[in-house]
């Protein structure tokens, strides 16, 4: 047996096969292009719309509720075929997924972007391929706004302002006039929610002379990391912490765990040395904690995008125009009481007093 | 050189050459470091937790508490390393699976059961999770022993699939158990100020010691790890023994999973016990055991595990951010292995012998 | 036929298996998955997305052939991309210097790890484990926030596309789009060729195989085992530096999570490509195909619309399992044949 | 410096932790000389050779090559200086091709020219009559061929000094003759050859001079004609050798004595290793043996008896009762013990202590849940170390640091400890020193006298003739004959092996 002949043969073989695959792909691709158009028409009668959904991951209850909502909304029964891709917390994977969707020739791409930047090139590819991209939840920051069709999501800054507004009103209402030491357990740095919520807190700290931001550190939206970070903060500052501003429920869960393990008490009574926890998302677990008073106020971040997205795609299918930016409605829950509404920039937002009945009504 | 001095240095040499010397020395150096720079490190206080039960707290308690899982895993990993000459890199993923099973069995379909809504007792759930973890260990074992795939490669399969399987077990949900009793395994049993994981770890060590004393597991795994052919011709069944070590590791994984899950009363399958396999392997290596299998010293591995935890706790104390921690850990690990490397030791010995040689080659 | 198989070296045997399985898989994907896989761009996208991994797999294969292992390549990817990103954006750096930084990091890593493994005889697993820890930790110390690089020179390079002549497809709008690859792919393919030639036609290359086959024998055969081991780790780390940069060029961001799990993917690719962890057996072309196989599996799973994220991991593991068992069974059968 | 001197070693010292391997050793080699380096195992031959080839660095002493003082730091150095070596264990890379194994590590060229290499290797293999293809992977060749390839490599290098460290242990007679011819050719060309072997016949066939080492010290250098065998052996052992012929004085059980019960009986036994089904039996207290050329299937037969390979067919009776022996543990439970052919691969457990190695088999038989207590184990180890005169620093020394002969004794001890009724010894005397060889043969006869049945295999026919009362002759994996009584002679064995025909 000849050693190098064999190997060179196999190399040549592979190269030829790859080339063949490529060429035939070219030919087939053309072919397919034609036939798939036809096929599209056939399918049109069945009204099967293929949608690619690129989701960030499944790191929290909120995210999973959101995914489920979209998946349920675009069920095959309603004439949709949804390709779901979980990017496992990597923008890189999302870009890869979008490219795959383009290659697969989907009709729409729905994207929940991991971070705001870095989307120009892949979104222009989608645009070139004529596939509308609907961005939801987090935003994208692209030079050319026409790269995506529309955005739908939460107003994170508003959420943050509502939370801070609640705290401010609450302190006023209770007549607490001491220094308020706050720690901020941030979300994944660079995420829109983190940016908006942190900004609101920073604003509020500037606006209130008594409020002091002791530290901020990222807990990556996970309870384990949140607990770790909180442990660290407690070690550093101990009992002087009055308020923990946790940027989602999962982290709040970890935070509460850490505080209890360290022997401090959680509650709204700051004057008695209790630590007050603010949280966002209003997931089921978070709401339960809010019901127990462990979370003083939980500002909702509505994950149920499914129906809204269906609405948008139906409009697009019908050839109608859609708004470039839409906010999703959100609520604020608290079982602490005293405060019924929060005013942010002259608009009044209600605060729902949390009862077990309300819990039962919620879908997630 | 006088004879007396000679025998003394011989004795010293003997101690130094002992395998267990390395991890113990590392442990002492770390403790000494803390003693010099902050004796407060050793303070242990008796406080009360939120439920009003007495708890001990302090850095040393943290070390023996948080090091429990690693110590337990180090036991299993040592056996696997000894018999198969390779390492199982899937233990983190397997913990995710075992933990998920535990919660799934306890919770059923309800991901947020209240205190009284648990489906079964903890014991049943734990046994089920043990069986599952051992089954996955057995799967690894089959690949390694029957198909003769190198352990690291074989366990790469479960490493890749494990967390996905864990997600699938709980339908991608993250169940939370609010029953405070469930937290006992990873926290404190009311009235006992010492964290429960410490007891679990000690129990595991006692079991391991008894197994080593009253069975031939030690001899068999070493024999198989050193020379499979000879072992077979001496009537051993190397395939079975290798397989067995993986099953044992599976059991260790289930116990570690119980502690891990109980600590949080919840599970996040994508991050739970992340990179713990690397730490477990490191523990075995720090214990001076050859990663290529054969002779082992279980206690050295266990001490190795606590060295790693002590290092982590020390670094935390000096406010090293948790993400940057690995960098410091790496430096210490490299220093440790460099100084325990036979070639380096030989060279150092040479330096000591020749008086002309300069001292202090750090 | 049986004689041919008997005379085949282990490396060639495993390579053939890999190629066959990969082709079957790709053809299967074309048949069952339709649309996407017939487009050349699908294939080139796989290349684009995995150019960095291809280089890492080459690096990994090299140390594995020499009988070692390096699990620091993923961490290095993160470190390289973060350092370059910080340099480019926070210090207004230029691209050539950032490349130099990547190479220097690789070189430094290679020198240290190589020295520890080769001259101090420390187990490569532990050395590179520490290397991985160090890289990951260092990345956070350099900068913990993920960000996309906006340096114009860099972005221009990142967006540079090289059209593949004669290949392309017609998109939904009916426009012909030429298939393209990114610069990283060119670098990756150059490295694959370079490494292939090095391992096959140079004395150094063959001594890597010799050392991996039997260290003691190689020593007796007059090969400088320590130097060879050292070089294998040195080249591996330098390649990992380059691979890290190529990866960085593709994703265009500095993030702690960059290259997470890349070491395991590189190892898995090498194994699928027929490199054995025991050393002495392996082939760079195989590793290249290994990466493609792995990426193709991922692609198939992702586009199959299975709906749930966990399928990716499970499917890849199943494929890996299949590959390993096939390899193991075939090698065992070959050994049996040899005896007769 | 004497005339014609090629290599001179003066006052070589080398020690390892706890062992003084070489003390003040001198050695001279002239051009065109074949020089035997003799000594018991552990005498320091291997260490000396490793010092010479740069594997170890000497602690003290001078090496002069061609009149120049040299410092050999690595095998490459040695190669460059023209010292090439063939080691006892095959030191080639199994994953590379035959040709590569011949050429690797020898030139400074950067580029590997495969064509040239293959054609060169092909030529050489043909010239040396080695039945291998240059392109084949080395692992696919038989051990003997691998050894020949190693020799080819060493010979091909333009060497001044050729060291052959027990190259013949895996070669058959024909191959040995081929090697000797090669050695004589090289001698003509002025190459100095250092030859290490345990086969005295071979020494006297090709060598010109003998240097004897004992316990790491030089005993002396002698021209071959001035040192008769007996004297050589006594110099190696450091004592007068009791005459070998004296060994066979005991009454040995004869096969045709019907009063003695049959211990073990097999019918139509065959295994996966490709031996033809064979019948075999052994009586209580009998010593018999399998003879045949290497690869004739003699080891495979005993492995089948012990269940070491997968048994395909055959019925086995132990003490008249049918038993099933599928794996080693079955055999052990039936009182059969097996000392394997390849001590390193199948026998010792390198890193484990002498004690653990000795008790292993007994321990396995006792079972997983009944470990011997520490004191029991120590007592057993001490008993057998004493009984078999095993030279070891302590019972806790790792077995791999013992010399070959002592390792072999440990393995023998391991099996004796299980008190087998039937002991199989496959090449117990291979690669060990003369003293231990004699010890083992004596032991075999003593055990047989005590009623143990023994099957003995050795490459050295005279050992077999001395110990066995019945020989089963193998050829091409088939039993071709049985010899006993009067027929037990060298020539008869030879002719039976050759199949009655005269071999060319």
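A, B, C and D are the chain letters, set down in written order, and residue numbers restart from 1 in every chain.
In the analysis below, contacts are C-beta pairs under 8 Å (C-beta built on N, C-alpha and C of every residue); 3 or more make two chains touch, one makes a residue touch a chain.
All figures in this text were calculated on a predicted structure; none of them were measured in a lab.
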Farthest chain relative to chain C (centres taken as mean CA coordinates): D
Pair joined by the larger number of C-beta contacts - A-C, A-B: A-C
For chain B paired with chain C, centre-to-centre distance based on mean C-alpha positions, whole Å: 30
Averaged-CA centre spacing for the pair chain B and chain A, given as whole angstrom: 36
Length of the line joining the C-alpha centres of chain B and chain D, rounded to whole Å: 44
Chain C: positions in contact with at least two other chains: 7-9, 144, 200, 308-309, 312
Residue numbers of chain B (touch at least two other chains): 167, 172, 321
Residues of chain A whose C-beta touches two or more other chains: 1, 3-4, 57-58, 88
Touching residues on chain B, where the partner in the complex is chain C: 87, 89, 143, 147-150, 152-154, 156-165, 167-168, 172, 278, 281-282, 285, 290-292, 321, 323-331, 333-334, 337-338, 341-344
Interfacial residue positions of chain D with respect to chain C in the complex: 53, 55, 74-76, 78-79, 85, 87, 90-97, 100-101, 104-112, 114, 133, 135-137, 139-140, 153, 273-274
Of all residues in chain C, those that touch chain A in their complex: 4, 7-9, 12, 15-16, 19, 23, 26, 30, 34-43, 45, 48-49, 144-148, 150, 158-159, 164, 166-175, 177, 179, 200, 250-253, 255, 257-258, 260, 285, 289, 299, 302-303, 305-309, 312
Residues on chain A engaged by chain B in the complex (per definition of touch): 57-61, 64, 88, 217, 222-225, 227-229, 232, 235-236, 253-254, 257, 260-261, 263-265, 284-285, 288
Complex interface listing, chain D residues touching chain B: 306, 308, 327-329, 331-332, 338, 340, 345-352, 356, 360-361, 363-365, 367-371, 414
